[in-house]
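The first chain written gets the first letter, and so on, giving A, B, C and D; residue counts start at 1 in each chain.
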Amino acid sequence: MGVPAVSAAPIEVVEREFGELALNMGPQHPSTHGVLRLVLHLSGETVVKAMPVIGYLHRGVEKLSEHLAYDQLAPVYERDDYLSPTSNSNAYVLAVEKLGGIEVPRRAQWVRALACEWQRIASHLVWLGTLGLDLGGALGGGTTLYMYCFREREKILDWLEALTGTRFHTNVNMVGGVRYDPDAASRAESTAMASEIEAALPELWSMSGGNPIFQERTRGVGVISKDLALGVGVTGPTLRASGVAYDVRAASPYDAYRELPPKVVTRTAGDAEARFQVRFEEIGVSLALVRTITEGLPAGPIFSRKPIKNPKATKLPAGEAYAAVESPRGELGFHIVSDGGPKPYRLKINAPSFKNLQVIPHVVPGGLLADVVATLGSLDPVMGDVDR
Amino acid sequence: MADGSLPVVGQPMPADGRGRLDDLAEEVVRFPGGGIALVRSDVLFHWAQKSSLWPLTFGLACCAIEMMATFAGRFDADRFGVILRPTPRQADVLVIAGTVTIKMAPRIRTLYDQMAQPKWVISMGSCANSGDHYRNVYSVVPGVDHVIPVDIYVAGCPPTPEALLEGVFALQRKIMEAGRVGA
Amino acid sequence: MSAPDLTRFGASPAPIGIAIAPGVLLEALRHVRDAHGYRYYVLATAIERETGFEIVHAVRRHDPEDTLFVRVHVGKDAPEVDSAAFVYAGAEWHEREIFDLFGVRFRGHPDPRRILMPDEYPGHPLRKDFAMDTPWGYRP
Amino acid sequence: MTALLSGWTWAFVFSAATLGVAMTFVAYMTWLERKVAARMQNRIGPYEVGWPHGWLQPLADVLKLLVKEDTTPRAADRLLFNAGPILVVAPALVGFAFLPIAKGLAVVDHPYSFLFFIAFASLTLFGIFAAGWSSNNKYALLSALRMVAMAVSYEVPMILSLLIPAVWAGTFQLTGIVEAQRGLWFVLYPVVGQVAFLVFLLCALAEGNKSPLDILEAESELIAAYNVEYSGIKFALFYAGEYAHTLAICGLAATVFFGGYLGPSFLPGPIWLIVKSAALFVAILWIRWSLMRLRIDQAIRLNWTILLPVALVDLLFAAWWCVGA
């Protein structure tokens, strides 16, 4: 049994130096949303200093992408932000199409938007469930909220499974179009599901946002001011909750969002409750989008290139491109540098959770241990997205 | 710790990890009729271990989301006595749900060592089984069996909740067939 | 410092954004942030060229929405650049990642440790000369 | 018949029986909790273990924990570490001895049995603090400190709200208090009774650390609080101790506010006591599985600024009621 010769990073206990308790919310902790380690310095219950340690899920995707061809890479990026895989492959495919000047048929763009919006709703439901677990604990009310959210999410996963064969790593997007085409039954199912989930939203609201204990736990917690948000570069609902109305779907529209600009939900308070309200309203916005997309799905082909015989054959002209997509966590961008070969020369993923997590050392000190958990839950980080 | 031997936690644990109940078992057999009693108690304790498997709240990557779905309402693992326990001390099963990186490997080893005997490991998803498409990346351990001994491998990327439950049933069958208590 | 031509982020054979001499980087970033309102920090990335490393900072302005790529070229051996961590707070982790994966040092960075790899990992994985199938334990 | 069984054997047999009933009751409350929680989360809960509805699940859990290796961390303070579970379970189980089962019949029918019960109920604090402090784990330490803050602050309104029935019954003997409720249950007294019960219920939530006041065992912050380092039998004792403590408190509430064994005659006395405390336990579960958790400073502020004044005023009204009646 060859155990790797990597010694565990020394856990530096600095009690003597600071006179506080150095607490290690380690890579295994019920509420760190995956393998994030927070080194907290506590004096009593209040947090004096917080230092996130990441990298426990660094899978070297950017190095891997320099060894795979353009058509093989989309499924790899779907495993990055595993709560909304279609947004990842959508961003990658957009960047490649922009660099190679590949045109995408209108129906394919609408199907992409449909899959992305459904997965945004599913991702927000997972966020709401885990936020319930953070604030309510696994042996308390939080679990009930988590169960209700996952009950709704199972419907979406069933629909995706019917359409694409897998529950959430769907491989819908390909360079130049889409792989699956929702038929009439699937579209009818999608509209029916939209109203079902819309009917469940008030119950979820009464268990979370409407609950006075929940408001007490999130109001005024983890306040991110507007210029801190801009300076650190937080994205998505976290940025919009601090008063900056920037949504990639509205600001620089791509695919079907040129014809269907979504409503940009913003708040100004910038605390955990504002972030909660922005995400909860976005579920409503996405449901409306899904209805309009399903009804108005244009006819036509779903793939603009000849069937791909040898994935290693597609070559892109030398050059550079940056394309961004609004993933549930924020602006997810791909910066591709190509040297004319079949493989990307250098590919940088601008991950939203990586930037959202950077705000922790600025925002958490001063609050209690319970506020650390509430703030982290409201930022909705996904560790695959952070460590890439 | 790096050479794979079990560290001393509390009173010295027998090196081959057999629970202290086995020493008790030796005495019981000497009594007249003890053997039969022992076999019957074996089945009873195995049945108890099988029907209350407590996994550790520990997920790495996309498979963790499917593990959460397995414990949620629709695929309710609570039906089989499987509830999540947050601390390794009270956990019986360590489900490795996601990609094992070299920075995480020593932590997984520590977690495994902190768990009390008898303990089992389910390697969930092809990243944990063999590293999947990340297997020749510089920072990924190709398979969690390089770090800890694995009992059940669940295939899939990510395995559906039914597949994970099938893995749990396979582990339950394995526990029933296991020889002595704590083996 | 010439007024930056505000090319929108798009695709072009030539590298997008404006190229700046390494010595002027911090002053250029401050000018762009204060005078032209590019207060939002988007990303920092590094591209390894034959002649050296190219550090790219992307910043964005919101009211007439526009993204600007500020590029700096640095020599191949012992690459060193000024750290933008005190101009944009968001640059801190991006620069730590570039140091971790490329080995480009950042002068004046508040916390110049590795961010993704284990602290005592010897190599810089994203460099072209770092073989892909390096044994996952340690580079020998 | 009591003459035959002299004092000692009678006490031994009776307490053994009560302990037996209490322990199986505690075990099946763990099953009931998982079933009620599952029902609230529209899933099935324990089903396969003991086929129809998982009725063998508590047996499986206890047996598994029995054969599990119980670890004692090398750096832990061994004496306190092993004393912790005992200090938690013993007081919780002793509480059952004082609850009257029939007219004038309780394991210990002492004129001050009410005070004994409260004294023993708050003894679990020592066990939890010993466990938290001695397991040399920062999370356990933090939870032990929280436990002290919570217990000290929530004891005061709890005892005040329990004084009200004692004031009405005029005695500290639990059997006497139940007898005084023969006409009208204390909880049905117009305003004063309900308020007293509500204050007591909140304090019971804090004492038994059930959400929304489970600050002590805040799982998402402090992993598993004081029993982080415990596994095997010691954890089983903690698990049973926590449920025994909550059930004892529910039994007390049933006795003091809902007229312990009083009830229409189609059910014998003790069964009424069990039904009432089980109903209260399900009510606590209902609250537990639907509300989020308060932060520690909010919980303590709630106690000192709201619960204490309300309990005091309520006691005043109860006393005035007594003098006036």
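Please note the rule applied: a residue touches a chain if its C-beta (ideal position, glycine included) is under 8 Å from a C-beta of that chain, and two chains touch if they have at least 3 such contacts.
Model, not experiment: these values are computed from the prediction.
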Could you see whether B-C or A-C has the larger number of C-beta contact pairs?
-> A-C
Farthest from subunit B in C-alpha centre terms, which chain would that be?
-> C
From the C-alpha centre of subunit B to that of subunit C, how far is it in Å?
-> 44
When the centre of a chain is set as the mean of its C-alpha atoms, what distance in Å lies between subunit A and subunit C?
-> 24
Quick one: report the Å distance separating subunit A from subunit B, using the average Cα coordinate of each chain.
-> 31
Just curious, how far off is subunit D from subunit C if you go by their C-alpha centres, in Å?
-> 60
For subunit C, what residues touch not just one other chain but two or more?
-> 116-118, 125, 130, 132, 136-137
Multi-chain touching residues of subunit A, meaning two or more other chains, are 4-7, 9, 30, 55, 58, 60, 63, 138, 147-148, 151, 387
What residues in subunit B touch two or more of the other chains?
-> 72-74, 86, 102-103, 137-141
Set of all touching chain pairs, with the criterion as stated earlier = A-B, A-C, A-D, B-C, B-D
Report the residues of subunit D in contact with subunit A in the complex, numbered from low to high.
-> 37, 40-43, 138-139, 141-142, 210-212, 214, 217-223, 288-298
What does subunit B use to touch subunit C in their complex?
-> 102-103, 136-142
Of subunit D, residues touching subunit B in the complex = 34, 38, 41-49, 54, 56-57, 59-64, 66-74, 219, 223-224, 227-232, 235
Considering the complex alone, what residue numbers of subunit C touch subunit B?
-> 116-118, 121, 123, 125, 130, 132-134, 136-137, 139
Which bits of subunit B are touching subunit A when the two form their complex?
-> 2-4, 56-62, 64-66, 68-69, 72-74, 84, 86, 88, 98-99, 101-107, 109-111, 133-134, 137-141, 145-147, 149, 157-158, 160
